[in-house]
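Naming follows writing order (A, B, C, D, E and F), and every chain is counted from residue 1.
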Amino acid sequence: MKISGRNKLEATVKEVVKGNVMAKVVMDHKGTELVAAITIDSVDDLGIKAGDKVTALVKATEMMIIK
Amino acid sequence: MKISGRNKLEATVKEVVKGNVMAKVVMDHKGTELVAAITIDSVDDLGIKAGDKVTALVKATEMMIIK
Amino acid sequence: MKISGRNKLEATVKEVVKGNVMAKVVMDHKGTELVAAITIDSVDDLGIKAGDKVTALVKATEMMIIK
Amino acid sequence: MKISGRNKLEATVKEVVKGNVMAKVVMDHKGTELVAAITIDSVDDLGIKAGDKVTALVKATEMMIIK
Amino acid sequence: MKISGRNKLEATVKEVVKGNVMAKVVMDHKGTELVAAITIDSVDDLGIKAGDKVTALVKATEMMIIK
Amino acid sequence: MKISGRNKLEATVKEVVKGNVMAKVVMDHKGTELVAAITIDSVDDLGIKAGDKVTALVKATEMMIIK
């Protein structure tokens, strides 16, 4: 099984903060902090918790460039 | 000047491919390949070319997690 | 392996149109036409072609509602 | 009036969960569950509630493919 | 009919550039230039051309802030 | 420093509503109301508050058209 999304970053979950609908998942990727805002349903469905080894996924059309 | 987008990845541009409307910018971030699909206008406006030091920017709501 | 994206629609690929950077993938999901604009790199990497059984994936934050 | 967004899925609202800023709208589309994360302002403005017949809208650039 | 997307900007189309898959639609909104990258299918379906009065639509979760 | 995102709208912050994870930032742009849903971390990091002069940023691939 492959996903079309081009950007896949291996990361370790550092913190999960759950609101009523959305959750913030803070990750570490080779010393760079990543933050994903996903539904709390996704956090529960995948059982995401601090210490987990995960992959952050970003579609190419969602990535901007600063120069 | 600060941007609300939470995910900022320092990268080096490896390749720029321009179509009629969209361009593909391939980058290297600490050994991980990143791909951004942005308009050719943005590529021209920022003068993005191979070898450039740039920052890839992703809004937290655009990042998914695979586990 | 699970993905946080909440919307997963089983579909059959009807047509793939490739430009220089982006490709259009037209799919059929239970009689409803779906259209995804992804990079040609993704089309090549996954080997997407007419007749393929695939799953269309959409993050919950990318779905709007018309009423 | 027409919208450029290519993916339009007829659905019935099953559940609305409101947080402080965002709301989760769970829908049924021909037996497939859809989940949209939209602002509570949108839920109030459109008067979205369980039982409503709605259309889920997704821009082609926001749809990924799993194969 | 109402759409959940919160940001609606009245604009006049200034230019349409069509590639093989994607099109660039340049608009004027009260003196500010707007650029939308949509499929050529959408341009054809809506018949978008220079001089058209349109509304640019952006979901609240897709808007960032620079300060 | 330049950002690839094509749509930049000068605006004044009218209201900030903070939830547990996400915040709603309501802005005025030449008489048109804009609404951005960003993380509360971004609101705190940029110190966004009513009265601030800011720029709303939208990637071209995130803008739809209604006609």
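Assume contacts are C-beta pairs under 8 Å (C-beta built on N, C-alpha and C of every residue); 3 or more make two chains touch, one makes a residue touch a chain.
Because the structure is predicted, anything quoted here is derived from the model rather than measured.
Asks: Work out which chains are contact partners of both chain C and chain D.
Replies: A, E
Asks: Same or different for chain E and chain F, where same means more than half of the interface numbers show up on both copies?
Replies: The interface is built from the same residue numbers on each side, given that over half of them are used by both copies.
Asks: From the mean C-alpha coordinate of chain A to that of chain B, what's the distance rounded to whole Å?
Replies: Computed value for the inter-centroid distance: 18 Å.
Asks: How many angstrom between the C-alpha centroids of chain D and chain B?
Replies: One centre to the other, that is 29 Å.
Asks: Mind checking the centre-to-centre distance between chain B and chain C? Centres are C-alpha means, answer in whole Å.
Replies: Chain centres of chain B and chain C, defined by C-alpha means, are spaced 22 Å apart.
Asks: List, in ascending order, every residue of chain E touching at least 2 other chains.
Replies: Residues 1-6, 19-20, 22, 24, 35-39, 41-42, 46, 48, 57, 59-62, 64-67.
Asks: Per the touch rule above, enumerate the chain pairs that touch, sorted by label.
Replies: Result for touching pairs of chains: A-B, A-C, A-D, A-F, B-C, B-E, B-F, C-D, C-E, D-E, D-F, E-F.
Asks: Using the touch definition from the top, list the residues of chain B that touch chain F in their complex.
Replies: Spelled out, the residues of chain B in touch with chain F are 1-6, 36-39, 41-43, 45-46, 48, 57, 59-61.
Asks: Of all residues in chain A, which touch chain B in the complex?
Replies: Touching chain B from chain A are residues 3, 5-10, 24-25, 27, 29-30, 32, 34-38, 42, 46-48, 52-67.
Asks: Which bits of chain B are touching chain E when the two form their complex?
Replies: 1-5, 19-22, 39, 41, 59, 61
Asks: In their complex, what parts of chain F are in touch with chain D?
Replies: 17-24, 35, 37, 61-62, 64-67
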